[in-house]
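The next part holds the structures, each set out as structure tokens.
Next come two complexes, and both contain chain A; in the first it sits with chain B, in the second with chain C.
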Partner chain A sequence: MYIRATGNISPQKTFGHGPIDEAPVVYNGNRLVAIEPDYKDIIDPKLIRRMSRIIRMGVAAAMECLQEANVKMPDAIVTGTAYGCLEDTNSFLSKMVQFNEELLTPTAFIQSTHNTIGAQIGLMLQCNNYNNAFVHRGFSFESALLDGMMLIKENEAGNVLVGAIDEIINASHTILNRLGLYKQSNICNLDIYQSTSKGTIAGEGATFFLLANEPSNTDYAKLDGLHTFYKPASVTEVEQQVNNFLQKHQIGIGDIDLIITGKNGDAASDKIYDALSTSIFNGKAAINYKHLCGEYPTAAAFAVWLAAKILKTQKLPAIIDSHQFTEKKIKKILVYNQYLGIHHSLTLLSAC
Partner chain B sequence: MDKLMSDLKSQIIAQLNLQDTKPEDIGDDQPLFVEGLGLDSIDALELIVLLQQHYKIKLSNAEEGPKVFKSVRTMAEYITAHQAQNA
Partner chain C sequence: MNQPVFVAGTGIISAIGDNVAACLDALQNGNAGMGSMQQLQSVHKNRLPVAEVKLSNDELAKLSGLSNLKSRTALLSLVAANEALANAGIENLQSLRCGFISANSVGGMDKTENFFTDFIANNNKGRLRNVVHHECGSVTELVADALGIKDYISTISTACSSSANSIFFAARLIRNNIIDVAVAGGTDSLTKFTLNGFNTLMIVDEQFCQPFDENRRGLNLGEGAGYLVLVSEKVAASLKNKPNIILSGYCNANDAYHQTASSPDGTGSFLAMSGALKKSGLQPADIDYINLHGTGTHNNDIAEGTAIKRLFNGHYPKMSSTKTFTGHTLGASGGIEAVFSVMALQHGVVFPNLRLQTPMVDLPFVPERECIKNVKLNHVLSNSFGFGGNCSSLIFSKV
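After this line comes the complex of A and B, so read on.
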């Protein structure tokens, strides 16, 4: 199956279909904030007033993706989110407390559910086709992607809009910061891989893909496979999972031209990537991406977007440090991501 | 009454997040729903919350809704009447 189009709103200037030829946006501190487009050109002003930030991001990324694919009515819409619409959730819960559970703001309540963005896209398109949302923590994006792939493989759909959306708000950042997820010292996003301290940097984003069963001459990449595994006991088990995954696709690690790993600067979390870089990934060209988008449960979607972009353009965007990279044609990319050492995923893409 | 209507316009804009709308853009007698400001049923719920939140008025009879929320003036008249009743 093929990735025909993408739409991506992230802490980098990723929105729009043009080449990424600018230096990465630099952030100082432990929070990366999505760079949002002017929504007035994308979303009806009458609808936009009810949409919180994450809904606008999700809808805009989805619309960009559909526009690029020239698809007005996808056969299915599948979204993945771990946190859901936090701003709306925070709004109505705060007001419940503030007004002794008597005055609930209906809009925030209605919009706070995890399937709001998929539903909103369906409403805007007047699309009554299959519409599903996955809320599986660090597997939310992968579950949505798997569902989309299965719909296509089983001929239930010819094309599927698949997306991942997560936001960070002040309240969630404060709580997750207190739980030790983020670095306590002031750090630049470009320096996280040199850091030896605990924690990472918070991120967010809305990334959509249009999957199609038939090729076109404008596809980004072929989506060859996806595999998830939960709480591996050791590095050896991860290595086995990688080998088994590649074997299933009748290739070996030698066939992979580029690996995109989910290193995030957290000393504890990065151990697994460092161990793999000296074993199964040894000598392979590998790049990281979380200095660009930060860490969040659906960050793997950014990596898949990046892989698709690289395979289509056959060059590394300027936002990636390419010192390890050789100039040969990039035919296959393996994305390996893990969230908090719990949710691990492998995604295999190849050039069209 | 003029002060109350002016306050209501600002409160409606804030409660309904009517971007790019200023208080002076809303006429005192302009219909709030459908052809006027173009509000809908979810906005009606928000206006009920607004009355309760800012003026401690509970709209207990749903059938009163269309009459009360016809325009900013009818809302102001309802609030004034309710406040006089409870004075």
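After this line comes the complex of A and C, so read on.
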């Protein structure tokens, strides 16, 4: 199956299908903020006013994707979000606590449900088709992607709009900071891979794909496979999972031209990537991506977007982790991401 | 890809009982679970009845084996999931690829509410242990870890249709040869967040709800969890108690009408029910019983009823809303009602639609007011419709 189109709002200038090989937007501090487009070109201004930030981002990225694919009515809409609509949740919850369950209005509650973005897309398109929302932490995007892939394999859908959306709000950033997820020093996003300290940098984004059963002239890439695994016990188990995945797709590591890994600058979290880079990924060209989008549970969607973009344009983003990269054509990319050591995923893409 | 998926086990906890047998007893005897709030602490305590699980968190912790400091949503989930797995009695479970696909609407919100009281006053305050399981998926993982399931874990949240979607996503994972066995369903505990949310929408009944009554006033919120153990044909054949019920049809459609309200003609409901029939290869006349979504809100019941009128015209199956017993358990309702649908097939019983006094004038059919026993049922349809226009229907069949 094919990735026919994408739409991406991230802390980089990704919206509008810009080039990926220009200098990245630089951030100082532990929070990368999505660069939002001018929504009034994309969404009816009457609707924009009622939408919170994450809904706007999600809907706009989805619309960009559908426009690029020239698809007006997808056969299915599947979204993934770990945290859901935090701003609306926070708003309703805060007022409820402050006003002791009195004087509340329904708008924030209505928009706080985790399926709001998929539902809003369905509503705007008047799309009565399959509509689902996955909310499983670092598997939210991968579950949505698998659902989309299965719908196509089952012939239930010829094309599927799949997206991942997560936002940071002040309250969630404060809480996750207190839980020790982020670096405390004033770090620059371009320097996270050299850092040896605890924690990473927070990110967010809305990334959509149109998966299609049939090829077209404008496809980004072929989506060959996806595999997730939960809480692996050891490095050996991770290696086994990678090998089994490649074997299932009848290729070896030698067939992979580029690996995109989810390093995020947190010393503990990056151990597994470092271990693999000296074992099964030894000598392979590899790039990281979280200096571009930050760390968040659905960040793997950014990596898959990047892989698709590289396969289509044959261009690489500015920071490459491996000096061993040669200038040959990139035909196959393996994305390996893990979130908090719990949620691991492998996605295999190839050039059309 | 089209191999049958069998129901090998069921597990449930709701306001009418802590297990399948207790729920069956209450359903057959017309014992509803609504009452005044005992567990939930809310200013609406004396005004809004709820359908609470009668056990405290301490008692649920003892019953499930999970710490009493964890979200009530996880405690309820583990009680029902444990029962479902025990009921399935799969001896070689460790050698099979097993998944846990759960659903809930607000994750560990019951704990987050406590955290927020302190956090709002001072951002450095609030016990982190009360917010660390806020995410929907985190509740699922607490239970998956306790069950020892790790081959495929996911969580779906499509409001009130959540666990119908988790059940059929699990069935598709089996059909796609990704797993062999799945514990699938959903869970939700009552929270102030959802109670107040529904209250602002002015659709919460101050009396016990009366779904499909002309004078219905709204819904009662409930809590609980319901899970099925789904297995592949191969696993089913290996079991001592060979299962004889399959998930024969399913469909997810979207109403695409309004973020919370259903379209007047029930477009989404119609598409979900007709899609599930198409998937199962059955005709409307083949359906023997519909476990209605039947929330008791003015909007839902007329939309659902209108869709049923259009689809089943002339061949009305027996129908009832078991939310008249359990209240609306939101993210758990699809799972709880899937268990009830399977129980209906197993025991040949149609559960009553309690408190129905005046049938809706715009509908040509009336749900069952009394429990009907010893009736031959082959195909049962279960409806779950929710916010965001998400409509899902499941069909369970005897084989």
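Keep this in mind: the second predicted complex is superposed on the first by the 342 of 352 C-alpha atoms of A that agree within 3 Å, B and C clash if a C-alpha of one lies under 4 Å from a C-alpha of the other, contacts with A are read in each partner's own complex, and residues count from 1 in each chain.
The working rule: a contact is a pair of C-beta atoms (placed from the backbone, for glycine too) under 8 Å apart; a residue touches a chain by one contact, two chains touch by 3 or more.
Since the model is a prediction, treat every value here as computed from it, not as a measurement.
> Quick one: chain B and chain C on chain A, clash or fit?
When both complexes are placed onto chain A, chain B and chain C end up side by side without any clash.
> In the superposed arrangement, which partner chain does A:Leu104 touch: chain B (first), chain C (second), both, or neither?
both
> So, A:Gly84: does it touch chain B (first), chain C (second), both, or neither?
The second partner, chain C, only.
> By the touch definition at the top of the document, which applies to A:Lys329: first (chain B), second (chain C), both, or neither?
Neither partner.
> Determine, under the contact definition given at the top, whether A:Leu93 touches first (chain B), second (chain C), both, or neither.
Once the two structures are laid over each other on A, A:Leu93 reaches chain C alone.
> Should A:Lys46 be classified as contacting the first partner (chain B), the second (chain C), both, or neither?
first
> Have a look and say if chain B or chain C is in touch with more residues of chain A.
C
> In the overlaid three-chain picture, which partner chain does A:Gly118 touch, first (chain B) or second (chain C), both, or neither?
second
> For the combined overlay, can you note the least CA distance between chain B and chain C, rounded to whole Å?
In the combined three-chain model, chain B comes within 8 Å of chain C at the C-alpha level.
> Residues on chain A in contact with chain B in one complex and with chain C in the other?
102, 104-106, 110
> Which stretch or stretches of chain C touch chain A in the complex?
For this pair, the touching residues of chain C are 1, 42-44, 105, 107, 112-113, 116-117, 119-120, 123-124, 128, 131-132, 135-138, 140-141, 144, 150-159, 165, 169, 172-173, 175-176, 178, 192-193, 196-197, 199-201, 252-260, 267-268, 271, 386-390.
> Give every residue of chain B touching chain A within the complex, in rising order.
16-20, 38, 42, 45-46, 49, 52-53
> What residues of chain A sit close enough to touch chain B in their complex?
Of all residues in chain A, those touching chain B are 45-46, 48-50, 99, 102-107, 110.
> In the complex of these two chains, what residues of chain A are touching chain C?
77, 82-84, 92-94, 96-98, 100-102, 104-106, 109-116, 118-120, 122-123, 125-137, 139-140, 143, 146-147, 150, 153-154, 171, 174-175, 178-179, 228, 230-231, 342
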